[in-house]
Amino acid sequence: MNARSLKIIEHPTRWGEGNIEIQAENTCILCTSSVIDSVPRFLRDSNQAWLTAEYNMLPRATHTRTDRDIQRGKISPRSSEIQRLIGRSLRTSINLKAFSGHTIIIDCDVLQADGSTRCHAINGGQIALIRGIQKLQHDNKIKSDPVNFLVGAISAGIVKGKPFIDLDYNQDHKAEVDLNIIMNEHGDLIEIQGTAEKKPFSRTTLNELLDLAWPEIERIIQQQKAVLQTPYPYNH
Amino acid sequence: MNARSLKIIEHPTRWGEGNIEIQAENTCILCTSSVIDSVPRFLRDSNQAWLTAEYNMLPRATHTRTDRDIQRGKISPRSSEIQRLIGRSLRTSINLKAFSGHTIIIDCDVLQADGSTRCHAINGGQIALIRGIQKLQHDNKIKSDPVNFLVGAISAGIVKGKPFIDLDYNQDHKAEVDLNIIMNEHGDLIEIQGTAEKKPFSRTTLNELLDLAWPEIERIIQQQKAVLQTPYPYNH
Amino acid sequence: MNARSLKIIEHPTRWGEGNIEIQAENTCILCTSSVIDSVPRFLRDSNQAWLTAEYNMLPRATHTRTDRDIQRGKISPRSSEIQRLIGRSLRTSINLKAFSGHTIIIDCDVLQADGSTRCHAINGGQIALIRGIQKLQHDNKIKSDPVNFLVGAISAGIVKGKPFIDLDYNQDHKAEVDLNIIMNEHGDLIEIQGTAEKKPFSRTTLNELLDLAWPEIERIIQQQKAVLQTPYPYNH
Amino acid sequence: MNARSLKIIEHPTRWGEGNIEIQAENTCILCTSSVIDSVPRFLRDSNQAWLTAEYNMLPRATHTRTDRDIQRGKISPRSSEIQRLIGRSLRTSINLKAFSGHTIIIDCDVLQADGSTRCHAINGGQIALIRGIQKLQHDNKIKSDPVNFLVGAISAGIVKGKPFIDLDYNQDHKAEVDLNIIMNEHGDLIEIQGTAEKKPFSRTTLNELLDLAWPEIERIIQQQKAVLQTPYPYNH
Amino acid sequence: MNARSLKIIEHPTRWGEGNIEIQAENTCILCTSSVIDSVPRFLRDSNQAWLTAEYNMLPRATHTRTDRDIQRGKISPRSSEIQRLIGRSLRTSINLKAFSGHTIIIDCDVLQADGSTRCHAINGGQIALIRGIQKLQHDNKIKSDPVNFLVGAISAGIVKGKPFIDLDYNQDHKAEVDLNIIMNEHGDLIEIQGTAEKKPFSRTTLNELLDLAWPEIERIIQQQKAVLQTPYPYNH
Amino acid sequence: MNARSLKIIEHPTRWGEGNIEIQAENTCILCTSSVIDSVPRFLRDSNQAWLTAEYNMLPRATHTRTDRDIQRGKISPRSSEIQRLIGRSLRTSINLKAFSGHTIIIDCDVLQADGSTRCHAINGGQIALIRGIQKLQHDNKIKSDPVNFLVGAISAGIVKGKPFIDLDYNQDHKAEVDLNIIMNEHGDLIEIQGTAEKKPFSRTTLNELLDLAWPEIERIIQQQKAVLQTPYPYNH
């Protein structure tokens, strides 16, 4: 009933200002950050930075093959919702007004999917984001520290009447209730999304799941911090 | 700090098996249900019905004009997320396996937008859905009663540190926390989506907002039931 | 054999510089004008204003549901033709060179369709357009009067060998000849589009239909003028 | 002030059941018909044939280059309107219910454009269509004669206050009124589309243009008939 | 076993700075060049010209009708590959840095297809390109001579074990090996694309086909030069 | 001047009938095969299997970030060309008529790109393909052995006048000539694609590059065979 232990590997590939592979057993996601020296058109006259995220699953990340979005010519609603969630959550962790004129793109590519990919994309993306910020600091493009706090995410759910966290595909598939919880290092909520997949749920159940989630998120944020102890730039 | 009072008008337009205009002051949405005697391809060999929802805002539902999705050739991620939420929530209210071979489409067209459109689309869509079911019963296409319960939805948020429900555009725009709550008539949760728009929020705040939400949702469901007392088919 | 009487309601919704609901019995269209302080790229270096129109039917404006254009990712040829006709007709009614740098968008959303929607979209759009012009005058953005004349539109057709005007869906469906006539207040033609839907038609028939159309268009333009007697800005 | 004389070349290219190049001085269009032994999905359970047309201009058919529609990923509204007009007009000339299960596609590719391309596409397309019908008869796939009549088309307009027919690009560009007239061999109207490009026009003007058009259309239909005297199949 | 003799007609249509119809028996392609006084965005700050090519087949260029790319809303991979090949090959023939700020577009529209269309599009496009350059020189927009050399193209293949060049559709269809060879007037290779359609091929076969190709390409380039002897501007 | 040594890892991820990570120093590609028990529509009435390939580069596989194809809504011409090349080459290696009713999809996702990705996608895809065939044999869905031979691929080029093979990004970027060579285990050519990127090249150069390529391809095919010695199914 505990979350799966996380394995976090820095710079599994060569490029990417931040560059993280995060594994929760059979879920494995490559999270990179790319720092770009411009902002999108809608922010051109503002005085702030921008952060956006993209989420994608390789076609054979899943047990049976999933068609690529490009086959239908448009991003799937599911991918679109997830990448908006990742971007929204990570944007709270930094102060975009503390530095301007830069865009950081967080790319989350799921190499292998076994449940909770959106949560672990946030967990890995947070580290990649901080590395991107450190790159800007290292290049003297930001002076101040724009980091508000770190955020962590965990899924929770009710399977056959019992609470579970960090659901794998088998649990997720059968879950009556599906809840994604994103919190910051102070234990405050950043985002909560709960769905009665098969059965309405009581507020008691909601609280029970939130009680289970926080210690795991706290642990994940500790692990993020441990990885970030290694000073930047790291050597390849 | 109370929710706006709802005005629900049945059959404002001539067609639609169900046909509802729902108004919460300056928010005004046309919700229709259409009953189709077939199911989408992915359900062709199953033994169940289907329910889907579409959400759209007229370009001048808003204070300044919003471009139509068709101008860019694809549905906006926001509309896509909302219509998925509406469909998911309303699907819980009926048993799709109790009748097969039919699709019910709930169309929610926002004529005027002043906050909380997704919640009131659910509130109006629920009535339109029941009317669609009644149409099928009236035509002897379903014998049993597939209705599990009614669902209602309300938005809640923190504006300048204070809790509000049923946010209008001005409140929504300034909200630090934005929460959409969908519950059924028994007070159980169907969906909860909370976002720290400007500031992380504590579980105490979450509970405070949930406390405010339930009486309003209960009142909305009472109002839905009052409308549904009129027997079907109603005369035009 | 007369045209249906028109009901014109100003500001049925809150926003839109002009804002008209026009009803011809079961045909009901919301026409708004939006004034934008820029012109499209192709006019950027010219010295004139721009006027464009968009036409859309709600999915359940019709007896059986019509799929939204966005489902196929592109505007239907029918909608495209109609909105080009509306824009072309209304552009003749004003002098775009008399004021520059502004775009007026006329949105025509059919809430309920029972024939002749393109004609009544023009009839309602004309009023919304004048209100948009008055808004610009009220804001001192145009000094001169750019209005050339008002235009009105009516459909006509031959059903079972007999001439009809302002065809409803049942008549339109059976019509052997379908004619849309747009004229200005001086009785001159702005646009004429006639199609032998089921049977070629003689020039005698064409003249008979034109004879029927003008008195009705004249009456419609009188009704537009009556609505426009209320000075701008009207109170909500 | 007369129409340009038409040059009609049969089988300029090798393939196409019908295969016509039609020239009106600098306007030159390749019109082919293709006979396909199936009907579109929406006619699958009906008992009739189908006829559709496609219209396209080569990028350098015009004085300055026009981008291909494919560059924007969708057919231009102008091409779409024109090909719908061609299809609608030619469909009146045959009885689709007299033979079933076949589709005839009329392709009109403008090699060189100097005004009136839509009218001459109809004039050439009519011949290609009859050749397609003859191919079906020759293959014993239709027994009866499904041809109702031949149709011809001519443009007319007012340029600097004077009436013109078969407008070339220079005339069309300056025309105050632009009228396209499609009639059958009996002098009845099939389609009429008139637009006040720069100036509203009176019914007197409309009649004057119609008076000019009919003799030219009659002449064109005579020319079509002369070409069709050559029995099918012609030798390459 | 020889290449088909080429027929090259200059200015078959009225417009196009260069304007060539090239025929190899039943293969017939219209090649035009258009000179535009700007460069694409990606070259805006560079100091060079641009050359691009577009390739398209008319739907009835082939024995049975081929759907237009626009029907699917995107260019077919085959057309895309071919137009990239044409552009790449012709770009080698001129020095884009010798003149800046202009774009030359080579449009290759296949009117009739009987094999080897990509090669003959290059052969005709080369002449159209030089005419475009001459237009720029004639207008005093380029002083120097940017032409490096002329290029010619020929297809080759193995059919039933025997080598062929300039394959027509019947040969191409049955070819075990399909090779497209583009060379310049000095006998150097510009592009070579060989595919084992049905059977792997030895280097001996490759050399045999290259031996056959060069004399034909040399002959084609002689023919290009002969056409280009006529001084520019030619009279229409 | 030798090819980079290849590292081939089997089953780096959990799913995929075949599942290969292939590395040539900093080029790293994930190649999977997916076996599907149906064929595409165009083969439905044939008696054969189908094989297709998809190629994609992760956005941060490259030194600076590359936008995903989905951002523009269509596959890039480069990706499209490459995946067609991979599919075409691998199809020669098996006899699709030896087994029917199945589709094998080869997915090649470039995790890290440092030149020659299309060649190594073929090298890795070949192994994944054989594993897919073995899966079908293991499930008793094919009895016979449909493998014709193995194919290998290598890039070659001229950089500063000197021949190189297996070009990395830096070499590729500066190459005057760029050649991709695909051969089978018998030393016969499957595909050859050569482009004069900066300078036309002689047949002598072509032969010199082909001389260099074959021993490397032979070595690669030996390495493929060594990997395939491990019997299927392998344990995870």
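Should a chain be cited, it is by its letter among A, B, C, D, E and F, assigned in written order, with residues numbered from 1 in that chain.
Note that in this section a contact is a pair of C-beta atoms (placed from the backbone, for glycine too) under 8 Å apart; a residue touches a chain by one contact, two chains touch by 3 or more.
What you see is a predicted model, and the numbers here were worked out from it, not measured in a lab.
S.K.: Count of steps on the shortest touching-chain route from subunit B to subunit F?
M.R.: The distance in steps between these two chains is 2.
S.K.: Please identify each chain that touches subunit C as well as subunit F.
M.R.: Common neighbours, subunit C/subunit F: none found.
S.K.: When the Cα trace of subunit C is superposed on that of subunit E, what is the rotation angle, expressed as a multiple of 5 degrees?
M.R.: Best-fit rotation on C-alpha atoms: 120 degrees.
S.K.: Can you work out the whole-Å distance between the CA centroids of subunit A and subunit B?
M.R.: Centre separation, subunit A to subunit B: 29 Å.
S.K.: So how far apart, in whole Å, are subunit D and subunit F when each is placed at the average of its C-alpha atoms?
M.R.: About 50 Å, centre to centre.
S.K.: Using Cα averages as centroids, what's the distance between subunit A and subunit D in whole Å?
M.R.: 59
S.K.: Residues of subunit B that contact two or more other chains, please.
M.R.: 73-74 - these are the residues of subunit B that touch more than one other chain.
S.K.: Assign the assembly's chain-to-chain touch graph to one of these shapes: line, ring, star, complete, other.
M.R.: If you draw each chain as a dot and join those that touch, you get a single closed ring.
S.K.: Taking the contact definition as given, in what order do you meet the chains if you travel the ring from subunit D through subunit E?
M.R.: Traversing the ring with subunit D first and subunit E second gives D, E, F, A, B, C.
S.K.: Quick check on the complex: what are the subunit A residues that touch subunit F?
M.R.: It comes out as residues 13-16, 19, 26, 28, 30, 32, 34, 36, 54, 56, 58-65, 68-70, 73-75, 105, 107, 109, 111-112, 114.
S.K.: Okay, in this complex, where on subunit A does subunit B touch?
M.R.: Counting only subunit A, the residues touching subunit B are 74, 77, 80-81, 84, 88, 92, 149, 183-184, 186-196, 200-203, 205-207, 210.
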